[in-house]
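To start, the structure under review is shown below, and the notes come after it.
Per-chain residue numbering starts at 1, and chain names A, B, C, D, E and F are given in the order in which the chains are listed.
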Amino acid sequence: MSMVDIGKKPTIYREATAEGIIKLKSETLKFIREGKVEKGDVFESAKVAGILAAKKTSELIPLCHPLPLSNVNVNVEANHKSVVAVKATVKAHAKTGVEMEALVAVSTALLTVWDMTKQYEKDKDGQYPTTAINNIRVLHKVKRSE
Amino acid sequence: MSMVDIGKKPTIYREATAEGIIKLKSETLKFIREGKVEKGDVFESAKVAGILAAKKTSELIPLCHPLPLSNVNVNVEANHKSVVAVKATVKAHAKTGVEMEALVAVSTALLTVWDMTKQYEKDKDGQYPTTAINNIRVLHKVKRSE
Amino acid sequence: MSMVDIGKKPTIYREATAEGIIKLKSETLKFIREGKVEKGDVFESAKVAGILAAKKTSELIPLCHPLPLSNVNVNVEANHKSVVAVKATVKAHAKTGVEMEALVAVSTALLTVWDMTKQYEKDKDGQYPTTAINNIRVLHKVKRSE
Amino acid sequence: MSMVDIGKKPTIYREATAEGIIKLKSETLKFIREGKVEKGDVFESAKVAGILAAKKTSELIPLCHPLPLSNVNVNVEANHKSVVAVKATVKAHAKTGVEMEALVAVSTALLTVWDMTKQYEKDKDGQYPTTAINNIRVLHKVKRSE
Amino acid sequence: MSMVDIGKKPTIYREATAEGIIKLKSETLKFIREGKVEKGDVFESAKVAGILAAKKTSELIPLCHPLPLSNVNVNVEANHKSVVAVKATVKAHAKTGVEMEALVAVSTALLTVWDMTKQYEKDKDGQYPTTAINNIRVLHKVKRSE
Amino acid sequence: MSMVDIGKKPTIYREATAEGIIKLKSETLKFIREGKVEKGDVFESAKVAGILAAKKTSELIPLCHPLPLSNVNVNVEANHKSVVAVKATVKAHAKTGVEMEALVAVSTALLTVWDMTKQYEKDKDGQYPTTAINNIRVLHKVKRSE
């Protein structure tokens, strides 16, 4: 088993943007918007968690290379009455792409939203009948010699 | 900001099962089934990555407690002609639930599948027009005094 | 070399609160208060970083034991015109105290404040003539059979 | 929320030196000097912990970039009858400065000194009335095209 | 204490191959070959663990530099009736060699083999009278300007 | 794939001792004994690295459980004219044994000795013709209801 050998690939500008959503109860989103979530600021925490996770990508995904990320941007917003959307952009000058880093940032930010709103999402039996993470995708990748 | 104080909660049996899917090209799934993926054994790698990630949950999700997991099980299978499904079950005797651990295992295993099949999923411009992770949910939680 | 052998010590309730301050320019504090710090929400980021760091204590401090923390609380506030104070409380039912966890949370939160306000603290030569972290102390420890 | 985008900044020589002190009982310092600290060699352990921590900076401080450190030097010494001083120098060819790495090394080395001398610093109620970390500062930064 | 200062060394092509073996019972090897090991696929798990560990080298070995590995390859095979051999090759364009990375990959893969076959290696008293890891060596290093 | 489910196993006293050796040049050992190794104190660094690594066992070995270690002791000594021996003992009250933790401590301490003495072990072509790690074994395991 082997990581792809990127030794001969040129070091060029790389950028990737990924996205994903989490479906929450509209009531939960109301709590978020009104700053009433007991555990603290959901969106700020999710952004921090996403950025930190991007930097852990090569620890989490076995065949990912450690890359010198020059930028990680994570945006979290409520874009519907019951959906929180996370978008992450990662940049690097590197020998391979950064889409896995963007995807790890998105996934971790979404899971952090879940964790911070757990108490409002659970039903009376402690189950999550409606909460779900969906549509994690890579929106676009850029590679460019500079 | 504060983790939930679980000090007064009883230490009881906890179990959670989470699930999610990744949509791949049917051609990619054919490569996986025939053991032709260049990077190695996709399903075994995804399982290992998922199990290791479950143990990193409290590092990734800011307000998760470190928990003494007694069992993590990750299952990866092709259940449709273009879908890989991951299911993870986590168990512990702990003061709080283990659904975040199961969700982290599922997400990381799915991302590992993505990473290992990247080269077959990209189109000629290096974009991922069809690859997507969906339907990450908690199937059920159990809590039981024992 | 050896960690202290805590095997024979009883598992009891442990709590520790630590504190520390960072001296910033009053201008920097003004930017923080007005939410104008370019890098984002300083206090929220510092809290998240402090909580995550508390959970890494046994990775950072060679002879610290891994402990099942039941609560970590980090508070960050401007308490003077040019001082940000961080206070962290950590709780666990454990065989040894949690003061190192509280101290690691405080230190990391203070360093995060520094990092997020770096650009306002540097002079024209890129030096930090006035920024300083001070008075990191353990305010009190509690241990109690319960 | 976003790490600063350093992609367009030139890769140049970077160096930073940080410093800090911990106030201990003079008796504790006597034990250190005479090599009688039960937990082992305090200064060597603090140096190792400081160097390892410098390499974890981007894991601990949310918006720090992963940097290819070319050198980390940590010095620990008793410079007064009741003070241990830590000085750390970090070097890299990088697109951003390494002062946070030097500060993390200093903080972690100081906390390691605290941890290894805890038993001598606590009073009969298990409190730390006099132990304190102070004056963590960046002594100087260098940046130079080479 | 100091990492070697590699700042002035040229960035050149580096490669290192390390090797090591673990002696198991022939019965255990039979179980591995027949895919009957209860814990799962021993060789795949060992490869994944070895690759992930190579990327953690600078976290584990205090004075190792963080390096931008461009390739890690881990091979695991039964080469005698009671021996599993692990060989790892690591490549990078870096200012210092990658032999420690190859050695960490080998050691961790061998320990993973041990862990996954523990139940067959223990005698009736729970001891390991015959299991042993041996002959961990660096087979060759390459450095080359390119 | 699954970690062994230890949920039903009793929490009892566990202890394991592992050992291993590294063969160095007698000249290298002379440098160590005389405190002339340029990189610093070899044995202290190896001990610290071994203790820290024991606590990372469940991150490194995929199917290891996170365990509440109550003690880790690492001893490093020159026991022949060209051999350094490492012995590590790990203790816990846990549902499964701690031999993997002891083995990880031994391996990492031995690799740290290698890393710190590299420059004396390499021949003029940068190869390691004689350096080798051998005989990593579990000396004994204890399990006892208490």
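As a working rule, a residue touches a chain if its C-beta (ideal position, glycine included) is under 8 Å from a C-beta of that chain, and two chains touch if they have at least 3 such contacts.
Quick caveat: nothing in here was measured; it's all calculated off a predicted structure.
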*asked:* By the touch criterion stated at the start, how many steps lie between chain B and chain F on the shortest route?
replied: 1
*Write down the chain pair in A-C, C-D or B-F that repeats the interface of D-E; the criterion is over half of the contact pairs matching by residue number.*
B-F
*Counting C-beta pairs in contact, does C-D beat D-F or the other way around?*
C-D
_Measuring between Cα centroids, which chain is at the maximum distance from chain E?_
C
*Can you give the whole-Å distance between the Cα centres of chain A and chain B?*
15
*When the C-alpha atoms of chain B and chain E are each averaged to a single point, how far apart are the two points in Å?*
26
_On a C-alpha centroid basis, what's the spacing between chain C and chain E, in Å?_
37
_Set of chain A residues in contact with two or more other chains_ = 1-2, 4, 40-41, 44-45, 47-49, 52, 56, 59, 62-63, 66-68
*Which chains touch, pair by pair?*
A-B, A-C, A-D, A-E, B-C, B-E, B-F, C-D, C-F, D-E, D-F, E-F
*Can you check the complex and tell me which residues of chain E touch chain D?*
1-7, 58-59, 62-63, 65-68, 95
*Okay, in this complex, where on chain D does chain C touch?*
1-2, 4, 20, 39-41, 45, 48-49, 52-53, 56, 59-64, 97, 99-100, 103-104, 107-108, 111-112, 114-116, 118, 126-128, 131-138, 140-141, 143
*For chain D, which residues count as touching chain E in their complex?*
13, 44, 47-48, 51-52, 55-56, 66-75, 91-93
_Residues on chain E engaged by chain B in the complex (per definition of touch)_ = 40-41, 44-45, 47-49, 52
